[in-house]
Each structure stands twice: as C-alpha cells, then as structure tokens.
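What follows is a pair of complexes built around chain A, which joins chain B in one and chain C in the other.
And now, the complex of A and B:
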C-alpha cells in the first residue's frame, strides 16, 4: 500500500477513473451504443434499432465474416506449425545458430505490416508463383504476420519447460520422435493453445497488409468495416466492428477452455 | 530421423547407439524447412522490394519530394509523442492498479488483456463518435451553448491520430509494468514510508528505478508499433496526416507507383528494424 491516508487513496482512485474511463472504457461502449442506433446528434445516440445487426449477419457482411474466420483459422494453423517447428529446431541448437534462427523469425514483427503486404504483393504478382487476385495471397500475408507471434510465445514456453521430463524419457530409451510427440508437445499444449488464440485474434483484426492485397471476392471483415465507415455509414460500421470483436472474444474463450482442460488432464 | 539410421553403432548398448544415431543428423538440418518457408514467403519478397527500390532515380525523386519529407517528419514526431504519452499514462495507471489497489483492480488488468486483442482502428472509429463533427462532445457543447457547431475539430489533424495512438498503445506499456510491479518487494515501500518518505518520494526513489527496465522495454515496443501503425491513420481519413506506412499504401495502391512505394518501404523498414533491434537489446537487459 503506497498511499495510507484515506483522502489520498480516494484522490488516486479518482485520478484513475478520470484517466481510465474516458480513454479505454468509453470507446468500446460508444461503439456498442452506436451499433444499436440510427442517429448521434447530441450527447447520446438516438433512434434505437437492431437493423444494423440483421444486415450484418447476411449477404456481403456474412460472407466477410466467414472470409475472416477462414483466413484467421488457416493463417493461425500454418503459423503455429511453422513457428513451433522453428522454435523446437532453435531449442536444439546452441550459440550462434539459435540466435540467428530466433532473430530471423522475430524479424516480421519489426517490419511494418503494410510493407509485408507490399512485399508479398510484389513477389507473388510475378512468375514463378502467381497468387495475386486469389484468396491465397491474403492467407499467406496473414501467416507471415502472425508467425513471429507464434514463434515468440512457443519458444518462451520451451525455455520454461523442465528438461528433466525429456531427459527422463530419453534415458528410458524413448526415441526422439516419441519424446517429441508424447512428452514435449503435450507439455507445450497449453502454450500452443494460447499462441493459437493470439494468432487468431491478430489475424481477425488485420487491416494494414490486407488493404494492400485483398481480391474483390475475398474481403475480410476489417476491410468491410473500413469501406462502410469510409462512405459515411458509421453505424453499420460499428455493428460490423461489434460482430468482429464478439467473434474474436468467443474464439479466444473457446481456446482458453481447451487450454484449461489440457492443463488438468 | 529413422531414414538416417546406420548399423555402425554397437548393438550391445542400445541407449548409446541411439545417441550416436541422433548425432548423424545434426540439429541444423531440422531448422532448414522452416527457414526455407520463411525465406520464400518473407525474405524473398522483402529482397524484391529492395531490388525494386533500386530502380534508377527512384531514391533521388522520392527524397526530393516534399510529401516524403513531411511524412517522415510526421511519422517520427507522432511516434515519439505517442510513446511519451503512453509511458506517462501507463506508468500512472499501473502505479494505481498495483499499489493503491481497489475492488475490481484484477478486472482492470483482465480488461487490458482483452483490449490488446482488438484491432487498432476500432479506437479511431470510437473517437469519431466522441469527438467527430456530429459526435458526443460537440453535441454536448452545441446543446449547452446554442452555438452552431462545437469546438472539437482536432480528429482530422495529427492530434487526433496522437490521441488514438496513446489510447491504443498504453496497455502495451501497462502490461510489462504490472508484471514488474508484482515482483517488487512491498516491504521496501513499507520501510520507506515508515521512515517518513512521502508517496511522491517513494515513487521517485524506490519504484521508478525498479520500473525503468520495464518502461524501457514497453516504450521501445510502442515506439516501433507507432512507427508502423496504419489502421488508425487510415480510419482518421485525414488528408493532412500522412505517415510512412500511409505513403507506402497510397503510392502503391492509389498511384500504382511501385518504385516509389518500395523506396518509402525500405526507409520505413530501416527505421523500424533498427529501433526493434534496440528494443531487443534493452528488453534482454531488462529481463536479466
């Protein structure tokens, strides 16, 4: 306890409320309120309606939602495989090789997403691999962007892993494959779940690289939110944004439930 | 690994033989497939961007253009301003959550984790309703004073972007700070306060030195992320605010000038990767 006087405590809580509520709580509430209204000309929104939601779950919007879900699931699965493999391979190396591999897989974090989009667009609009205009270019860009996050969280988990288990298994004569499949991966399962959730959330909200390369028939939800707001339909845009947030949270919740099950088995 | 089995090992000692066998395939071979994939989908495209940027005259014409110099300046000062803002705000908020706990402080830190999983452009979208021309703040003002329009027009200026970036990135500073604070021995605070130190002095002399590594790590991460931020600027829709990522987008997609876009991209990557390297060094030191 840093502040002992009652007035001092009250003052610091008041300061917290004054800073926290308008900056962090209000924006989310505002989007939620706007998604249920048709006008916002005074202090509060007016014209309550659920119409934006009925529009948000059919036609173009529903297609954008499924596009986002498919893209995020595919990109997370690919990124998790790639990132976990790299993290396991790096853990088996020492010294310079490990540092090089880690640095290589962290690099996409530092490169702006727009530049990743541009690079993928430039590289796959020409032979030998032509992907421009297909859905695969979007999935590929998302995979590149989230692989670094998967790699980082899995390699942090590997560092925390007690080496006793695999040494015991190997000492009892288990082959490396068996140690990997039956000892290491089950122990890493909670972290893999967390990493998958993180990748999924990031991919669901990805806008920068997607704006550079989405084809007309593969338009993820964030792009639709942008086009709605850009042409002035702020209320439709907020309903779509709420759908986006709710879907992300639901998937994160489901992933965290899998995680707890794995922890206690 | 089974394909690499050899029969040279002595069959009498299976464990030793197995160890011998696993040595026949060195560890770096297993690192090759992921590196090859990353090379194809990330390093090769990045290399092509660099190659494209080397088109004759591309650098000279981009560096000579006023829009590039403006964008560079705007990007850097916005990122620096947002970082300072996030550090100050994040430090104050984390301080209160950690050391003046209130009912619901746990919920606040969970809220921060959730906040981090939302895309950044939602903040700009929300600010349009709060401070936009027909938003909440202006509506309150015109309702109270009867004026024709409200006083808040900063959303389409760099200040609007700055506010949105501070809002969105402050949780990225708070999280490492809260982790650092949870490891701080509270006995130090009790001793300092029983020796007569006032809260301000305790913060300055006890808490701040402990928090410096976390502040440095969080601050440099936020700096890099601000330099690379695109969604917030795009949603603001301000013609006057152009940052480097925005310039890459508009050159490539709106003007189809790929050489110029690649030059701007190379400059942006150089700045961010340099700063990110610094962040890795700082956070390694903070973690030690």
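And now, the complex of A and C:
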C-alpha cells in the first residue's frame, strides 16, 4: 500500500472523491436525472416522468439503437479479424517490416476521426467502389477507426505469449494452422475479448466520422442524441444517451464474463 | 522401429557468436545420452537442433536414417519435455496428452486408450480431468512426460526436465525416469542437464560440453574414473587437479615422488594429476603428501579438508572425524596409485 497511516489514507480517499465526483460522476448523474424530467428551471431538473424512455425504446429511437448495435458488432468483428491477422503477421516479421506494419495499423489512432470520415467519404463516393449513401460506408469507417485498437491490444498479447507453447505444439506434430487454432488463439482469447469490448464501446460512441457519412436509413444512436439536443430536446436526448450508455455497459459486461471464463492463469 | 540421433559436424551461430561448434555425436537406438555442461555450453542448442527449433549454420542432423536438418519440427516425430513443462493451460490433463495424437490425425477411436496408457505409465491417471494449474510442479512434469510419450516417439528430448523441481522431488523423478526407460527400452533419449548427479544416474553415456564444444564422451564410469580432460575431471565429480612432472615410475608433485600409472607419458613432461577427493585418505599410506590444513568443512557424514601441499590445495573427503584437526596443523594425506589419473597438460582446451 502506498499510504500507510490511517489519516493519510482517509485524506487520499477524500482527495479522490473531490476529483472524481465532480469530474466523472456528476455529469453522468445529471444526464440520468435529466432523462427523467420534464423541465429544468432551478438548480435541479424537475417534473419526474418516464415518458422519454417510452419514446426512446420505440420507433426511430429503437431503430437507431439497432443500427448502432449492428454497426458496432460488425465493425468490432471486422476490426478484430483484421487486427489479429495483422498482429500475427507482424509478429512473424522482424525489424523494419514489423515496425512498418505496426505503424500502418496504428495510423488511424493518430489521425482525427473527422479526417478519417472525410477520407472514407472522398475515397468511396465514386466508382469503382461506391459506398456513399449505404450503411456499408458507416461500418467501413468504424472498422478503420477501431482496428488500430484491436491491433494494438492483440499484438501486445502476442508479445507476452510464451513461444514455448507454440514450440511444444510443433514438437508434438502440430502443423502451424493447427497450432494457431488450438493453441495460440485459445491462449489469446482473453485479450481478444478485451479488444472486442474496446472496439465495440468505441464504435457505439463514434460521432464525428459518422456525422459525415451516415445515410438517412442508417442513423446510429449517437447521431440521434446529437440531433435531439441540437434541436433543444435536452430531456429526450438525455434519455437516449442513458439508453446508449446502458446498452454499451451491458454488452461490455457480457464480454467481460466471457473473458473471465477464458482466463486460465 | 527404433532410431538413434546422429549429429554430423553441427554448428550453430548467431551473428558472430558460435553457440555450437561442429558437434559430432551419435546417440544409439535405445540409448540414454546425457548432454552435460554449464550454462552457455551449447547443450540446449544441440537439443534444439534435433527438435527443429534451431537451424544449424552447417552440418546435418539425422534421426534414424532420416536427414531431418531441413524438416520443420512437426514432421520430425520427436517427443520433447522442457524445464517449464509448457503444458497448454487451456486444456485439461487428458486433452494435453491427446494433443499430439489429434494433431497427427491419429485414428480417433484409439486416442482415449493411448492417453490412458500414457497417464497410467506416469502415475497421473487419477488427474485426467484436472487443469494444469491445479497440479503441483512434479505432477505437471509427469503430465508433460505423458504427453511426449503418448505419440510413441522413437526419440525423446528432455531439456533440464527436473531443474524446476525441489531436491527431494528431483531424486524421486530421477528414479521414475529410469523406470520409464526400462519400460520403453527402444526409445532413444537425449537428456540435457547441468547436474552431474542426474547425468551419472540416468545416462548410458555422457557427452560433456563446454564453450560450444564437445569436450568428452563416454560411459559415466569412464568419465568419472578416467576423465580425459581437466574440464571433465572438475565438472564431473569436482576432482583435485594438481600440476605434476612425469617421472619414470609416476610423477613428482612439489618435490614429493608419487607412484602412479603414467600411461606412456614421456618422463620429464608436465601433466595434471587427477584424483577424486573421496579417494584421498587421511594418515600415512602410499603416495603420502604432507601439508597444512587450510580449511575444514563438516558435511554430516564426511569432513572435507582443504590441505595446502607445497603451494597446491588438495581436497580430501574423509569419514566424519571425532576430533577435527586445528587449522594450520600438519597432516599427511595419501591415495592409492590406481585411483589417480594423469592428464596431459593443456588438453582442457581441446
């Protein structure tokens, strides 16, 4: 323990509360309070109602939630596949080739997502690959954005993976494909789960690139939250935001349960 | 079918560093060959060239009649056990043991029987449904051996298999390995270790390695009784190595004439006298050496005396003494002529 004395520990908890509560907890609590309110004239929102939630889980809102879930699931699956593939390929390389491949996949992290959105828009707005106006362009942009995270966390896990397992398997007569499927991927499963959760959460919350790309029939929930508050419907927007947050949390919780099951040591 | 291992001038280098220098060695079918040496001697590298994890810069490796030098590890048909066991943590014990059989597409119906047999042989049948993390180090090692044996390899590679176990467990496992080899007399075993006791106990022959080179090779008795190099003499059994001058009937150490077999060494030449500490006795006798006690260590059943004889330190392991001689007192040591070996000076670089 970093701090030993009783008063020291109390003081550090107090400091933590002072920093954490206003910065992280209060804004989220305010959103939660606003989502149950009809007006906000004093210090706190008032006029309790559950009406915004009734609206938030039907019609356009429900469709936006489904859109977000499908987009995030598709983008995470694609990103995980591509990122893992690239990480495995990079691990087999040495020196410059490895650094180049790693840098290429990390690039979207360094580029603002608005720029990625614009790049995808410009690149796929004319033949031969015309994706503009379809849902695929949104999924593609999300995939580009989150693959970097998948690649990073999986390649870190591959570096930690002891080569003795691979060698033991090869020594027992397992071909490289068999080793990948039966030894390496199962051992990487916890990290793959973590990467999937991260990609999913990032995709669920993506707004800036999506704003430039989404077609009318494929509007993810963050866009709806933005337009609702932009119109001045703060309470509806808050309810949508809470739904977005709760859904993401539920999915992450489910993923982490799988991860716990997949942790061996 | 039985097959041995043949190293044919195998060299391995990383950049400018040679880690294995032209190793030529044959492990006969069904033989246990220990590769014994300190760390960095190239013994593990030699084993890994057989497994296929290290590619020789030059030379060929044969398993039986097959030249396996260019084969990937999965085509070599070897069983291997490493120091850290490398059991697959996500698979249960029986799944670990079945791994090699499944990977080789062994007939599915025969797998459970082979797994049970291998677990039975290593005394781990009761633990088949456990995960490796639920086993002790010794049990994990047994499973690793069962996993290697399940594929019925002609060649078993053991890389310091006991060094992660504590001393008591180690001697038990050593006996187990000896029993396993009696049950599987056709399997050739290459056993890498830095522990001379393991090598002496288990091996039919020992290859002594140092600084990337094979120093000596022979049966444990040969190496122990008649080492050919100073390195072997000191690494196996920690012998006394004393510089002497060869005479007509023996040798001369610091002015004392000694009687011992010279094996044709030219009188007047320099040589190294090798005699085991436990073969040096206290008191008068043949080949008496007089010196002063420099240090006394009590080792339970024995006392180890360090005696300065004419500027050379002689180690003697004697039965526990009732009264330990005081430091600096004069004592006489002796050894039988047939217990001494003369080594030509300079052969340790060989």
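For the reader, a short list of remarks on this structure follows.
The rule is short, and it goes like this: the second predicted complex is superposed on the first by the 247 of 265 C-alpha atoms of A that agree within 3 Å, B and C clash if a C-alpha of one lies under 4 Å from a C-alpha of the other, contacts with A are read in each partner's own complex, and residues count from 1 in each chain.
Simple rule for what comes next: a residue touches a chain if its C-beta (ideal position, glycine included) is under 8 Å from a C-beta of that chain, and two chains touch if they have at least 3 such contacts.
It should be emphasised that the depicted structure is a prediction, and the values quoted were computed from it without experimental measurement.
When the two complexes are overlaid on their common chain A, residue A:183 makes contact with chain C while staying clear of chain B.
By the touch criterion stated above, A:3 is placed in contact with chain B alone, chain C being left untouched.
By the touch criterion defined above, A:249 reaches chain B but does not reach chain C.
When the shared chain is aligned, chain C comes close enough to touch A:165, but chain B does not.
Contacts of A:231 after superposition: neither chain B nor chain C is touched. Once chain A of one complex is fitted onto chain A of the other, the partner contacts of A:99 are absent, as it touches neither chain B nor chain C. Once the two complexes are overlaid on the shared chain, A:257 sits clear of chain B and of chain C alike. Put chain B and chain C next to each other and count what each touches on chain A; the higher total goes to B.
Where the contact sets of chain A with chain B and with chain C meet, they give residues 171, 173, 175-176.
Across the interface of their complex, chain A is touched by residues 51-53, 72-80, 82, 84, 86, 88-90, 99-100, 103-104, 131, 133, 147-148, 151, 157 of chain C.
The part of chain A that touches chain C in the complex is made up of residues 162, 164-165, 167-176, 178, 182-183, 186-187, 189, 262, 264-265. Of all residues in chain B, those touching chain A in their complex are 1-2, 14-15, 18, 22, 27-28, 30-31, 33-35, 37-38, 41-42, 44-46, 48-49, 52, 89, 92-93, 95-97, 99-102, 108, 111, 114-115, 117-123, 125-130, 134-136, 139-140, 143, 166-167, 170-171, 186, 189, 193, 199, 202-203, 207, 224, 227-228, 230-231, 234-235, 237, 244-245, 248-249, 252-253, 258, 261-262, 265, 268-269, 272-273, 275-277, 280. Those residues of chain A that touch chain B in the shared complex are 1-4, 8-9, 12-13, 15-16, 19-20, 23-24, 26-28, 30-31, 34, 40-45, 82, 85-86, 88-90, 92-93, 97, 101, 104-116, 118-124, 140, 143-144, 147, 171, 173, 175-177, 198, 201-202, 204-208, 211-212, 222, 225-226, 229-230, 234, 237-238, 241, 244-245, 248-249, 252.
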